[in-house]
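Sharing a structure with you now.
By letter and in written order, the chains are A, B, C and D; residue numbering begins at 1 in each of them.
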Amino acid sequence: MPSHCLNGGGWILGNLIDGTQAERVRIPHADYSLYAIPAGADDVALVMLSDILPTGFECGVLRGCLKPGDTLAIVGAGPIGLATLLTAQFYAPAESILIDVDENRLAWAKKLGATRTINNSDGLAAEKVLALTGGRGVDVAVEAIGHAASFDVCQAIVAPGGHLANIGVHGKPVQLNLDRLWSHNLTLTTQLVDATSTRRLLRAVSDGRLDPKQLITHHFVLDQMMQAYDTFAQAMAQQALKVIISNLP
Amino acid sequence: MPSHCLNGGGWILGNLIDGTQAERVRIPHADYSLYAIPAGADDVALVMLSDILPTGFECGVLRGCLKPGDTLAIVGAGPIGLATLLTAQFYAPAESILIDVDENRLAWAKKLGATRTINNSDGLAAEKVLALTGGRGVDVAVEAIGHAASFDVCQAIVAPGGHLANIGVHGKPVQLNLDRLWSHNLTLTTQLVDATSTRRLLRAVSDGRLDPKQLITHHFVLDQMMQAYDTFAQAMAQQALKVIISNLP
Amino acid sequence: MPSHCLNGGGWILGNLIDGTQAERVRIPHADYSLYAIPAGADDVALVMLSDILPTGFECGVLRGCLKPGDTLAIVGAGPIGLATLLTAQFYAPAESILIDVDENRLAWAKKLGATRTINNSDGLAAEKVLALTGGRGVDVAVEAIGHAASFDVCQAIVAPGGHLANIGVHGKPVQLNLDRLWSHNLTLTTQLVDATSTRRLLRAVSDGRLDPKQLITHHFVLDQMMQAYDTFAQAMAQQALKVIISNLP
Amino acid sequence: MPSHCLNGGGWILGNLIDGTQAERVRIPHADYSLYAIPAGADDVALVMLSDILPTGFECGVLRGCLKPGDTLAIVGAGPIGLATLLTAQFYAPAESILIDVDENRLAWAKKLGATRTINNSDGLAAEKVLALTGGRGVDVAVEAIGHAASFDVCQAIVAPGGHLANIGVHGKPVQLNLDRLWSHNLTLTTQLVDATSTRRLLRAVSDGRLDPKQLITHHFVLDQMMQAYDTFAQAMAQQALKVIISNLP
């Protein structure tokens, strides 16, 4: 469990010390966290492997115990939700339902492999998922936002015996409906990415089973740093998923 | 998952239809739920296998993924908590900490194998468990009461990467502290007993690895039915764990 | 483990009693083994679900613990090997290497998703697989023929920590090279199909993730029964995989 | 899988370089393989944790997937077999059957927790185990010698769906009876000890759940080195299990 390593390791960059927006950077415990970029690989695509793809894969897909033939619902079609969707396809789910309030993001989800999308602007997503699944709910529900409302959708739609994999960073406690769920054979998980899947994901990129570039919507050069941050801050309005800042013109 | 079987099965007796306090009873789907009592077995002891032992074992020990060497805490030293404690010993935990507010029940817990007991009358159980475990918490925390307060102890003491196995029947929602736990690599489970472990438990009783009679504190005959119920209703005051009603004098 | 059920169940048809080439048939323990064909489904395609697809999936893919990104080798590109190949794709292996001596079958394998094929007519398949994998070998080796020679290829190519899933029906003992493999962290499995995956496979056919018709090469009507058997008996020469006999003209 | 680590690590001492019978020794990759001895611990007892206890536990108990209530048979009551027996008790098997040809070792096995012992001098151990288990065989069979004959006992007695965990170091190939076992739902494993359980075993010794000293039969000082080796070379005749050489009088 590298994410919780007490003795060196754990979540350091961007948490305990500053991140890496610099020309050179000292990486603590580099032996355990750096990977050689394969010859001929696309540097820009591999930026997606530094965080969101292992996060979606480990905290959503693997912790959610997704199996071939499962029905999967992902609440949140932002970059993390879409990274979950992309890597979920390694397990051939029968259905991948993406839920969001933004039509543009749901259109991206469709392009990236969602079998259905639900716009939850009307707050009826849970009812719709239950209707789609004959009242049973989904095998795996992934919370990819970090809000009480999206957590509530997840706990309403997970089937008996199902998995609720929380990825979202929550700022407040949530209500867990144990009055209904105590007998539901539920497995609820939380996880800080361990980045133990990086090698596997690198291989998937190399052999074409995974195309991380699909998550990149905007490119900036270093001089446009502030503009890049502004774009990402208003990601939904700017129709942005991930934003790349590079020193290449 | 027999507990949630839609097509016959599921939780029927005492839930969808009346229970079995009668001289004869028709058991739906009996092929899947009745077991022959081995010759020479103690009928009275085996009553404990009808519910609390599989509940403690399946919903607490197995769902909590208890492993040899783990530190286990059980919140609630009533019959279900003690059934969990008894069956936890199949997995040789390093520590079995029982938490309750009743000294008599904690004394029972000691007798049944708890390595430590904590009286939570002062509301400081969580702090004490953290102190005992060097601040890390326990590998497996079992909620065996069904109250928000006992759930709170569990979520406060489960270590990063640990398991919180809820057994208690909750009448209300609880607060889940995802603001702290989102990154805790927590696995939280709920479970309605499936009784799939009955055969294994029967064997454990037969070969002496499990002594369920230890959970029985009171015996009544049929004429004392009301007295038996009164005793169980005031279990703590009566120092009662499980109560047997039989037609034998 | 339905395949070894002692108390009713187990492998009955074609083993303890005659098979089902008749217009009507009495199926023992039918409650556990018959599935309703979904409306609109293709009867002929679903014949493939009666045996070879669950066999390849359960005995090869699931018992071999295939994971996304694994390197898979299947020795034998007959119907069972190809059923393994088709269902392996639910787990997105990085490489699926099919080994056989028949070019026609290897061409089928390519069409059905093999990333590489090796013609073992020269007996050098093991060396070639080791060369392809930098000397390490494959994560999962599936024996899909039932001969000592194909078993030998598997035990030569499985990587340390890998899985050797035997599906083939062997008429004789084989030699297991424990002098080399005792320290190899090998997991070797055998399995009689349990058909517990039938519902999942039915769903995969229904939603288009699996196309079993690809395994059918020849169609006959009942009057051509003997011709159908002759064709299957000389499957390799006839370029036959699976043969359908129906009462439809 | 530290035992097969290519990049530093793996099995070095006593394999690629000389072992540690010296007053000082340089340990390659010491960060990953040395553990601090807890204050107050018995140095001599902990010698058993350097090899045989993790070997028995990891290669026999864990790889054999022993579960509470299982029937376990261990073929070979030498130090490795007895280390397997001791650590198997973490999982509360219903039966632990030890098989050997030496009455003294079988008497040790009884003392260390075997529920039954079988002297295989007559070559009838397999028949006796099958008779004891109603013809079904055992859930877990552990090969702890490294001979074809002991492997044969294991493959004869493992039940359908069971595990055959090979620990023994084999000098020659064995015959694997796939003509019978192809349909037996067998899991056969081999394993070189990874020593990943050392911390857990240390804790089990510290809290009294495991007493490794029981495996030590003879003590020598450095001056008696040759005598110690002679004793171990004729272990059976000398009624020796493990032999300690120390610099303490």
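Everything below uses one rule, namely that contacts are C-beta pairs under 8 Å (C-beta built on N, C-alpha and C of every residue); 3 or more make two chains touch, one makes a residue touch a chain.
This is a predicted model, so every value here is computed, not measured.
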item	value
Chains contacting each of subunit A and subunit B, listed by label	none
Subunit A and subunit C: spacing of chain centres that average the CA atoms, whole Å	35
Chain centre separation (subunit A, subunit D; CA means) in Å	44
Residues within subunit A bordering two or more other chains	none
Each pair of chains that touches, named by its two labels	A-B, A-C, B-D, C-D
In the complex with subunit D, residue positions of subunit C that touch it	1, 3-4, 11, 146, 151, 160-161, 166, 168-179, 181-192
Contact footprint of subunit A on subunit C as seen in their complex	68-69, 89-92, 94-95, 200, 203-204, 207, 209
